[in-house]
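Each structure below is given as structure tokens.
The same subunit A turns up in both complexes below, where it pairs with subunit B and then with subunit C.
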Partner chain A sequence: MTSSGAPSRKALSKIASNRLQKELVEWQMNPPTGFKLNLTDNLQRWVIEVIGAPGTLYANDTYQLQVDFPEHYPMESPQVIFLPPAPLHPHIYSNGHICLDILYDSWSPAMTVSSICISILSMLSSSTEKQGPIDNDRYVKNCKNGRSPKQTRWWFHDDKV
Partner chain B sequence: MVTAATSAMAERLKEDGNSCFKKERFGAAIDAYTEAIALSPKVPAYWTNRALCHMKRKDWTRVEEDCRKAIQLVHNSFKAHYMLGLALLQREQYTAGVKELQRALDLGRGADPTGYMVEEIWEELAKAKYMEWELVSAKRSWELNSLKETCEAALNQQRALDMSQTEEYSDEGYSSHTERLKALDLVFEKAAEEDKPTEVPDYLCCNITLEIFRDPVVSPSGVTYERAAILEHLNKVGKFDPLTREKIDPSKLVPNLAIKEAVAAYLEKHAWAYKMGC
Partner chain C sequence: MMNASDNKFSQERIERSRCEELAKSSSFYRKVYSEIEEIGWEPLRRLGGDLTFFSFHILDKKGRAHILEIQLNRDYPNSPPSLSADVPYMFTLEWSINSRLKDVMHQFQKHLDNLQEFWSVLDDIDKSFSVVDAKQPSRASSLRRIHAGNDCIIIVHINFNDPKSLPECRFIGHVPPSTMHMNSLHMLWRRNSKKWSKEKSFPENLECILGIELPKPPGLLQMEDDQQQVECGICYAQFLPTDEELGARSGTRTDYTCENISCNKSFHSLCLTDWLRSITTTRQSFDVLFGNCPYCSDPVAVKINNK
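Up next, the complex of A and B:
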């Protein structure tokens, strides 16, 4: 698996690191339900435990999200992937890449790690089958060498799941 | 009398000064600006440019002199107020320095993006204000503590006196004494609350920077953002409102004066909120 490969690592700008400090404090005071942040001393990479919501296909499953912040966060979206093993889901590839528009074209700087997490959990919760994307093998093969999902040209075909 | 010829010569000297400044030859730049001033003393930019050279050399007395001169000529030069503020802070004249920085901040708001220095001015202002708060609040907390100790001692003395006057030990006397001590604790806890850093309310913070507003502007959808942050978003991410995703034309952003006043009032009461980056 190459999905944990580091994206290009330029140090956070001052604006980015100020903003992440704030997000961290806010997270610690009001952590979103179903998530646990594993703190390291690296502000630029957050590893977050996701616990499947009760009453859904993923109840009691735990997964790990890895969030990497670019130099100009929040003007650029963070890179968000699942660490292996990724959940089986029609929009989540086996290399951990997530097909979710807000992470790419529809990113807005008013979104936060916490709001991203909630979107991902709601995407999991609304799934009706535990199955990978139809084009999984082709996509994963094309993503060799730890390519970032932010370099993929995504097609967001449906918003049902 | 300044003729067209002398003012043209002064202008050329200023250009010389500017090019020396770019090469970091501050002494030579100062000489050029000095000559320009001698020819045409009523141009504020000559004074502020020379002040900037003095600032690079940390010659704060001269920075102050030149800035004051520039302000005499034109009262609304945010550069002059900014440098004067820094010079005064350097010389530990906090109140006067803070006043100048605040003036610079007011003048710098809404300025064209090329000369936009709100963040820099804010940082200097915040540093000075926070330092001032640390001093004042430490003194306040020391005074409260000593007053509290005096009150406690007085209550204990009263209790000792009461006990010596009654033969029997009474539970009632004991419990009313502890009640009083507890009430005293509460009163002092309340009094210390104002100096306890908590969280700045969300409505005084930008949704993008998550920090307290410096120069708030309101979008056509009615959402307030930090000017520099929303402009950067419109330039780099897209011409839409980050929260409502409605289309925005950058010229449609207008200052939110009410929020600006609310921020000023909040900071007046909670100066700890000047602390940066946490």
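Up next, the complex of A and C:
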């Protein structure tokens, strides 16, 4: 955990911006249930509203996801965090960082923003308690100065929630 | 009738010859194993339990996949391995007692290099015309049957020693309207075959000599309609963008398809290489990257193109 600072804000490559435009069109024609994209003219940062699924602990709660795309998307995963206030969940830290393998080691260019959203909603839905991670305070203290969750070396040890 | 000591003696003999046999075969296994190791395990596709039969997956310069099957005799390396592959003719293996399997691979690769032009001509025919033969004709075949319209078929035979030269050509039609069409094509062929030029591509030559446009492959129209099929699974575009960094590859189509039939995703080999290079599980052998399809996770092998 040596490097720090915000994700590099290099502009999207041509390939990345072509692909994102297509994802955006696909999203608009076929948006995932429970999500609303707040469009800006910045293709490189998407802010998405999440509505907790009915019948789960998060029913009717709304949260905001912020998705930042790297220059060489989709060779690299996007950075996905919850904007404050983040939901209370055993895998979501109070600074908005999400412990979910597909956002880091298990990313593949076969995934999309839409498929990430569905994974996050399913992670919320399967939770049995509204409680933050056990190591929340220690982790958040270590992440000062807006460090990206992509710089954390994550342990994915629990696939129940 | 054998007495006890005779019996014991013959048992010992059997035992000794079994031990010798085992020692021989274990040194055979060690040798074959270490020679496969020199080539690498990634290109290995099949392996017989007794290590006398195996096959390697090899990509040629244009990224066409080939399988080389190798059969070893028990007295290997005293006798050379026997080889088979989907090539129009096999090369003569240069073999000495000191030769190793990697020498076979090198010689095969050289043989593939020599056949590049031959396959380019055939690929060009398959791409440009409606060809009667099976969807993926064997790489060993030097024949193509081309639909010429009106139920007439042209059979061409490409010379693998000189693939750009005037091919042998026969015309076939069965019933009256097609026989007339056939006769006129045949006449044009005989009259104009002097016009054949090695500078032009095969399809250009053929259409120029016959003075007609031949039917296009049925897949082509379908593929143009069905854009989903030819979009790259990584960048989502059919053509790479025009960009200085991409150089000669600017604007090129998808050129790699996952071999898993139920996946069949297309990619630009550039995109797939970029992806494979960005993850740590990818392995490289010479200029080929071995990894997994991002969609179905089946093994993929992509040649790095530095152009």
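By our rule, the second predicted complex is superposed on the first by the 155 of 161 C-alpha atoms of A that agree within 3 Å, B and C clash if a C-alpha of one lies under 4 Å from a C-alpha of the other, contacts with A are read in each partner's own complex, and residues count from 1 in each chain.
The definition used in the following text is that a contact is a pair of C-beta atoms (placed from the backbone, for glycine too) under 8 Å apart; a residue touches a chain by one contact, two chains touch by 3 or more.
Computed from a prediction, not measured in an experiment: that's the story for all the values here.
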{"item": "Subunit A as common anchor, with subunit B and subunit C clashing or fitting", "value": "clash"}
{"item": "Which superposed partner A:23 touches (first subunit B, second subunit C, both, neither)", "value": "both"}
{"item": "First (subunit B), second (subunit C), both or neither touched by A:110", "value": "both"}
{"item": "Which partner, subunit B or subunit C, touches more subunit A residues", "value": "B"}
{"item": "Touching partner for A:75 - first (subunit B), second (subunit C), both, neither", "value": "both"}
{"item": "Which superposed partner A:62 touches (first subunit B, second subunit C, both, neither)", "value": "neither"}
{"item": "Which of subunit B and subunit C A:128 touches, first, second, both or neither", "value": "neither"}
{"item": "Segment of subunit B intruding into subunit C (one of 78-86, 114-122, 132-140 or 186-194)", "value": "114-122"}
{"item": "Subunit B and subunit C contact sites that coincide on subunit A, given as residue numbers", "value": "15, 18-19, 22-23, 72, 74-76, 108-110"}
{"item": "Partner subunit C, residues of subunit A touching it in the complex", "value": "14-15, 18-19, 22-23, 72, 74-76, 108-110"}
{"item": "Partner subunit B, residues of subunit A touching it in the complex", "value": "15, 17-19, 21-23, 25-26, 29, 72, 74-76, 107-110"}
{"item": "Residue numbers on subunit B that touch subunit A, as the complex places them", "value": "199, 207-211, 229, 232-233, 236-237, 240, 242-243, 245, 276-278"}
{"item": "Partner subunit A, residues of subunit C touching it in the complex", "value": "233-237, 240-241, 243, 271, 274-275, 278, 294-295"}
